[in-house]
Each structure stands twice: as C-alpha cells, then as structure tokens.
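Down below is the structure, laid out as structure tokens.
The chains carry the letters A, B and C, assigned in the order they are written, with residues numbered from 1 in each.
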Amino acid sequence: MNLLLWTLTVPLLTAGIGGLGGPRSFKELTMVGGLALTFGLCLATAGDFLAGSTPVAFGDALRVDGLSALVLVLCGFVGLLSGTYGVGYLRRNERRGLVTPRMRREFYGLIPAYVFAMLFVSVSNNLGVLWIAVELTTLASVFLIAFHDRDTSLEAAWKFLMLGSLGLGFALLGTVLLFAAGQGHLGEGLAALNWTRLVEAAPQMHPFTLRLGVVFALIGYGTKAGLAPMHTWKPDAYREAPSPAVVLMAVGMLNGAVYCILRIHMISKAALGPEFSGGLLLTLGLLSVLIAVPFILIQWNLKRLLAYSSIEHVGIMAVGVGLGAEAGVFGALLHMTYHSLAKPVALFSAGTLAQLHSSSDLDQIGGGTLGRAPVASSLLVLSAVMITGSPPFGLFFSEMTILRAGFSGSHVTATSILLAALVALFCGVAYQVGRIVAGPSPDPAVKAPDPERFDIALATTTVAAVVAVVSAFYLPAPLVALIRAATQVVWGTP
Amino acid sequence: MIPDAFLTIGASLLQAGGMLAAAPLLRTAIKKMKARLQNRQGPPLLQGYYDLAKLIRKEPVRSETASWVYVAGPRVYFAAAVAATTLVPVLVAVAPLEAAGGILLLVGTLAFGRFALATAALDTGSPFGGMGASRDMTIAALAEPALMLGLFAQALAAGTMNLGVLVRALVQQGPSWHPSDLLAFAGLFIIVIAETGRIPVDNPATHLELTMIHEAMVLEYAGPDLALVEWASAVKELLYLTLLVNLFMPVGIATSVETEALFVALMAWTGKVFLLAIAVTVVESTNAKLRLFRVPELVSVSLGLAFLALAIRFL
Amino acid sequence: MTANILIFCAAGMLVTAYLMVGQKALFTTIRLYGVQSLLLGIVATTIAIAESRPELFVTAALTVTLKAILIPWFLMRTVDRIGIHREIEPFLSVPASLLVCLGLTVVGYRVSTGFQEGARGVGHHLIGVALSLLLIGLFLMVTRKKAITQILALLTVENAVFLVALGVTSGMPLIVELGISFDVILAVLVLGVLVRRIVGRFESMDVSRLSKLKG
C-alpha cells in the first residue's frame, strides 16, 4: 500500500477503534496517536510531492498536486491539534459529569472520521469522488454539532444538515453539468471526471452548460465554505459543536471547501477566462466580508463571533482568488495557511472560557476574565490580534498581499470596500474581546466559574499559539514551496 | 334513404338511452369493488336499478313552502345530463349533436343543470339545502375552469374545440405523447373525483352534516324527484369517465358504423371505463376524506395541472 | 417508442411533484415520492435498453430499491413511530404555492432550451421537467415546516439532479453513482435519527419551532 493510502487509512482506523469502546486512557491514546501518525503521514506525502514525485492511488482518482499537498498538510495539522485538545476537552466535561457513553463513542469515533473525510477531500483528483468526500464531511459532522443534545444543538444540526445537503445537491448538479458540458472530450469511465482531464477539455466545452455547471458548483461548495448568503448554518453550528469539532469545521472543512471552489475556478478559467467565476467569487467574497461586520458588532456569543470571523476570512480568500491576478491567488493561499494556524488558537481559548463558564454567551461569561482565567484570556487576546490581521502577524501579510494585488489590478473599488470592511471588523472584534477580557468582573458571589487549570487542552492551545506566532516571522521553506506550487496549480503555468 | 335529421335524432336517442341504461351499473360496480376491497360482500350488481325503481314508485313528498323552482330543479338537472350525453362521442368517433357545439356547450350544459339544482335546493329555505348549494358552488367555481382548461389542452393538440372532430383527429394522428397529455389527464381525473362526489372530496355514502356536499343539496328530495337526481348524477359520472377515456385513450373507438367495429368499440369502451372505475375505487379506498376547507386546495391542484398542461404546449 | 416512454415518465414525475405541493398527508407525500423514484427508475431502464448501456441497469436497480422501496419504507416507519401524520399549515397557502410552481416550471423549461440536448424533442422535456422538479423541490423545502416533508423535498431535488444527469449526459461513471447512492442512503439514515431526536425533545416535528438561534 502506498503512502497516500496509509494517510487515509490511519484516521479511518482510528475512528473505527475510537467508536468501538474500551477504557478511557486507551481511547485517548489511540486518538492522539492516530492523529499524530496521520499528521506525520501528511507531511511525508507532501514531502514526496516536493521531492518531485506525484503520489497517486486508485488509478488517478486520488492524486496529490501542489494544492492538494498544501490543504493536506494544513488538515493534518489541525487534526492533530483538535485531537489533543479534544482529549482535554472531554476530560473537563467528565470531571463535571456531563459525558454519557454515547457522547464518548461519538466523540472518539467522529473526530478522526471527520479528519479522514477532510483528508479525502483534499486528495481527490476527481469531481465525482470529491463530491462523495464532501458529503462524508457533512455526515461526519452532523452528530458532532448535535453532540450536547440540547434544543439548540438539535436546531443547529438540523439547519446544518438541510442547508449542507441542499448545497451538496447543487454541487452534484454542477458536477453533472460540467461532465455534460465536456461530453465527447472526456473519454469513458471514472477518469472522465478527473480535474486534469476536465481542465484540458475545458476550451472545447459547451459554453451554456459549462456556465450553468460552474455557477451551481460554486454555490454548492460555497455553502460548505460558508460564503454569504449561504452562511447561515455557520454561527449556529459553531456555537453548538464542541470546540475541537469547531476547529475542524473552521479550518479543515473551510480549507476543503475552498479547495473545491479553486478546482471549479480552474476549470472555468481554462474555458471562459478568469472573469466569469472570478467575478462570482469576488461578489460572494465581498458580501461575506460585509455581512460579517454588523453581526460581529452586535454579537452576543463568543463562538458565534468567531463563526462570523470565519465567514469574513473565507470571504477574503474568495476575493483574493476572484481578483484574477497571480498575486491575489498567492495571497489567498497564504491567507488560508495563516488562518489555519491562527484560528485554532482563538477557538481553543474561547472554548476553554466557555467551558469554565458553562456557556459561550458573552453575558454569561461576563467581564474581567483575565483575572479568573489568565492563560486562556491572554491567548484569546493574542489570537484576536492575529485573526483581525494586525501586524506583525501572518494574516496581516496575506491581507496586504491581496489588497496590493487588488489595488494594482482592475478591481480598485472592490478592494477599497474590502479594506474599509477589514478596518471595521478589527474594531468589532477588538470591542467584543475587550469587553469580556477587561471590563468589570461580575459579582463573584453570584456565580463561581470553575478555576482555570493548565491541562492538556490549555497546553495544546499554548503550543498552537507559539506555532502561529513563530510562523509570522519564520515560515518553513517547504511550506512556502507548497504555497508556491499550489499557486501555480491554480493560476496555471503561463 | 333516411334523412340526415332523422339519423341524428335517432343516434342521439340511442346514445342517450344507452348511457341512461348503463349509468346505474357503473355506480353499483364501484360500490361493489369498494366493498370487496374492504372484505365485504357488497350489493348485487343490479342494485342501482332496484333503487331507482323503488324511488320512482314512491309518492313525491314536497315541502309546503316549495315553489315551482323546487319541482323543476331535478327535472332540469336530469335533462341537462341527458342532453350532455349527446355532445360526447362514446362508441363512434362522432358525437350525435356535434353540430350544436363543442367543449364550451358541454361545460355550459352541465353548469346549467347544476345551477338549476342549486337554486332548487335554496328554494325551500331549509338550512341543509342552502349549505349544500353553497358548498357545491364553491367547488364548482374552481372545478369548472379546471375542466375547461384540461379540455382545452387536448383541444389545442388537435386544433379544434369540437369534441367529435377532436376525437377523430386524435384517432387519426394517434397519441401525441406530449407531457401535456399526462398533466391534463391527472388534472381532469381530480375533477372527475370532485364532480362526482367521490371520497377525498365528498362521501356519497354518508349524511354527515359537517362534511356532506352533494347529499346536503338533495336532502329534501324524495321519491321520483330523488330518483331523477340520482340517475342524472350517475349519468354525469359515466359521461366524465367516457370523456376521459375517449380523449386520452382513443383506442378501439369505431370510425364507421359497422356491426363489427361497433362491437369492438363497445368492448373497448367497457374495458376502459372499467379500468378508470378501478382507479376511482382505489383512490376512494386509499384516501381519507378531506376536511371541507381543504377541498378547494385539492381542486386547485387540478386547476394548476390543467393550466400547466395548456402552458407546456407553448414551452 | 423510447421517446414516448421517457416523456411519459418525466411528465409523471412532474405530476407527482405538483401533487406533493398540493396536499399535506405525510403518508401520501411519501408514497408520491416513491412513485416519482419508480418513474425515474423506468427512465433509467428505458435509456439503458435503448442505448444499450448496461451500467445504467445498475443505476436503475439502485434507484428503485433504494428510493422507491427502502427510503419510503424507512420514512413511513419513522412517521409511524413518531405518530404525527399531517403537515401543518405551510408558510404559503396551497393555491399560491401552485401558482409559484407554475412559474417555476416555465422557468425550468425556458432554461432547458439553452442546452445542446435540450433545444427540442425528448431532451427538451427531460431537462425541462428535471429543472422544474429541482426548483419545485427547493420551493417545498423553504415553505414546509415538517421535518419529514423537508427531507422529501431534499430527496426530490436529488431525483431532479439524477434526471438532469440522465437527460444531458450519457451517464455518470458507475463508481460515482454507487458512491452517490451510498451517501444518499446514509444521509437519509442520519436525517431519520435526527428527526427522532428532535421529536423526542420538542414533541413535535415542526421545524419552524427551531428558531432560537438568531443573530
């Protein structure tokens, strides 16, 4: 069995073992070990790619090119983070007696399964296989959203599943239409839906069918990415799902969905030039960034706040791709990388605060958390600074790259709107985070939150924060090479 | 040589007589099939005739306040139903009185009969009559346009509003296999269910004041008056089914007046009407009666389908 | 003959969609969905025979066993266990819904003329009906409140996508179809479990009650 298949098999096995049962320490060990091994395998696969070979499996249905390798590595990374944090997360809940056997099974089974589905998405070279993989991510995450079995979590899971399935229906239609548009130029069998083949055949495709297919596919996968106006499932799901699952959703699934969007964009670009799908992405992206502004300003829940921040970031990536310049694509992929490093810190620290206060609602948490939970609070502040794109951290550089590409291209108005929205978002997040971290402490007699303990979850958060900070100043050369290779895949070699 | 006028009159009388004779059998057959589906024995096949004979022998009982309108109602209703039978091709691809008019005349005749009966029901001033009349008219207000639209959709295929010409054209060109056919058929089938007072719309077997429609309207009538109403309703039901089979499945219909062709046509017609009767029975047995204010919704579905059938010809 | 059967089945699917819009008994809606899937299976079989493409028989068999038999059975069992049989008042009255659906059908048909295969003949009707079905399914999804009806609307959309696939392509690669069918059955199972949990908690399947999360 080759390396690529191992990369997919290990998380699947981990999920199987985790879902079965067994003593707690064994499950914890399996999950962390399995996900660590997975991350290692992801790195090895990417290393294989950088060394000049192209890992493939199942004919050509799974294939690792630059873009796949980048998304693969990022997914493996957050998979490991979420696994280790997850161990701590569940331990905290066990201590408070909140965990039923069903929850234990679901948690240890579904988290690695979710990681598996995301890795599967990132290496599929085939439009049909990709659709199946994305559907698997949806199904794996539903019960994670419904995990706590509260009224609101069932509501969030229902909305997520309905909207997600609808989006996937659209994506399937888009897939069918793209396949139909290229009929006669694609050949027979499974290979007919391979990207490589579709991009080659794109210039000969029937234009009407192709356009319709691109629109449906972009809307469909855009729903998974949470682009406005198909973003409405996101805040609910983020609030209800346990933090480790939210991280997988906010980074892994988001990257996977952006990966799908980029693939569709590539086909459309090869056939119709960058303007058609680029324009659509630009519009959806700007809309997402703009829609996040008011909702962040009036937000009442910490995790929903971070959901809107996710919507903003995926919007920025879409804008970067939509600008129709190589620098924009590079900026978007850089943004994806830095976002994957910074967002887990924010979600983990917010998750810790929420667990300590038994709620993620801002007025339940109250002000002055810095005194009660100094580590989590300071990490939250640090991550807030990072995710709002402040210098000197990574997202500042990627946003600058995108803005510069925009101002030097033909989309000056759109870029100006983006810049204004980014400033407003900075203020919004700073205001909300400042309100809970500083601010007056609530009366300690009224409610006594659990004291903060430096457990494995908080340690994971700290490590993630260190990685995110270091990455701002030193991005490892192989990672940069991967981003460049991915840019080349999307933009195409001239 | 017999003059044309006599031929026409003869054919009309023959057809009307045949339909009048066959109609009670259809009703009983549906009743019997329904009973069998419910594991009951059901009435004998000739029960419809016995009932009519019994009613006709009885003395009519009329309210003291009833005027001539009350007396005329059932008679006009019956006459309209009988007249309508001569406007539709049954066994031969010719309607005896097709020179008089086509779809519009047919719908108009039936509407006139209904109007007469509804007016008569109001005449005695009894609450049930008025309630039944208003309910019946509510449904008719939706069902009649749907009926017309459904028939128009077929008429459009052949380019004529005359039912005789229409059926001849359909026989000649064969089935057109257009989505419009099925849509119009589905729409008209619902109309038939609604117009003949079958189960999702009305239950002919009960006299429950909350739900009854047709039965409420004719609750006052007794004896020969009631016989006329019942008979006319049966004729209308047979007429609708005939219309459906001849417009959508014009197989086996005679194009010339020869004994052999007529025999084949009779067999084909009986078979097809029987098939539709089975469909009606199945619908009656598998559905629950709709609440009264849900009925317009069902009828509006048929209106939608009929309209779509018409529109889709242009798409 | 092939063309006739195809058009007949496509029109039948459209009729079932309209009947779904027009009434509210859950069992009838589920049965209508079953009939719709059966017709889809017949379409696939007909194309398989006419164009001698044996792999389409697998699609047809999957469609009939999964969507015409298994899924309706599963949904009926779910409804039975829950014991709620009627759709409540939808957000839009039935006549208004029908009017909207008429408009959607017109749109679907107009769009179908843009396709290479959809300009005339059988393809026109297949794609036209498929796109109309898609739009009607979406419409049902936003106007209905019952969880089961929403699932059925989703499945209708899925049927529509399959009909498009049959109308505009010479069939998706078999392995993809198998994967998609597997995913669909999985999704229905997940939905069923979720519905039971929702009913267990809210004692109702009215998803318009799921409205606590806002902002």
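Methods note: a residue touches a chain if its C-beta (ideal position, glycine included) is under 8 Å from a C-beta of that chain, and two chains touch if they have at least 3 such contacts.
In this text the structure is predicted, and so the values were computed from the model without any measurement.
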Item to complete: Return the chain label for which the distance between chain Cα mean and whole-protein Cα mean is smallest.
Response: C
Item to complete: Give the chain pair, either A-C or B-C, that is connected by more C-beta contacts.
Response: A-C
Item to complete: Round to the nearest whole Å and give the separation of the Cα centres of chain A and chain B.
Response: 64
Practice prompt. Averaging only over C-alpha atoms, locate the centres of chain A and chain C and give their separation in whole Å.
Written response: 31
Worksheet entry | In the complex, chain A residues that touch chain C | 126, 128-129, 131-132, 135-136, 138-139, 142-143, 146, 149, 151-152, 154-159, 161-162, 165-166, 169, 172-173, 176-177, 179-180, 183, 189-190, 192-193, 206, 208-209, 212, 235-236, 239, 295, 298-300, 304
Worksheet item: Any idea which chain B residues touch chain C in the complex?
Response: 175, 177-183, 186, 287-288, 294, 296-298, 300-301, 303-305, 307-308, 311-312, 315
Practice prompt. Would you pull the chain C residues touching chain A in the complex into a rising list?
Written response: 111, 114-117, 134, 138, 141, 147, 150, 154, 157-158, 160-161, 164-165, 168-170, 172-173, 175-176, 179-180, 182-183, 186-187, 190-191, 194, 197-198, 201-202, 207, 210-213, 215
Response to the item:
Counting only contacts in the complex, chain C reaches chain B at residues 3-4, 7-8, 10-12, 14-15, 18-19, 21-25, 28, 93-95, 98-99, 101-102, 105-106, 109-110, 125, 128-129
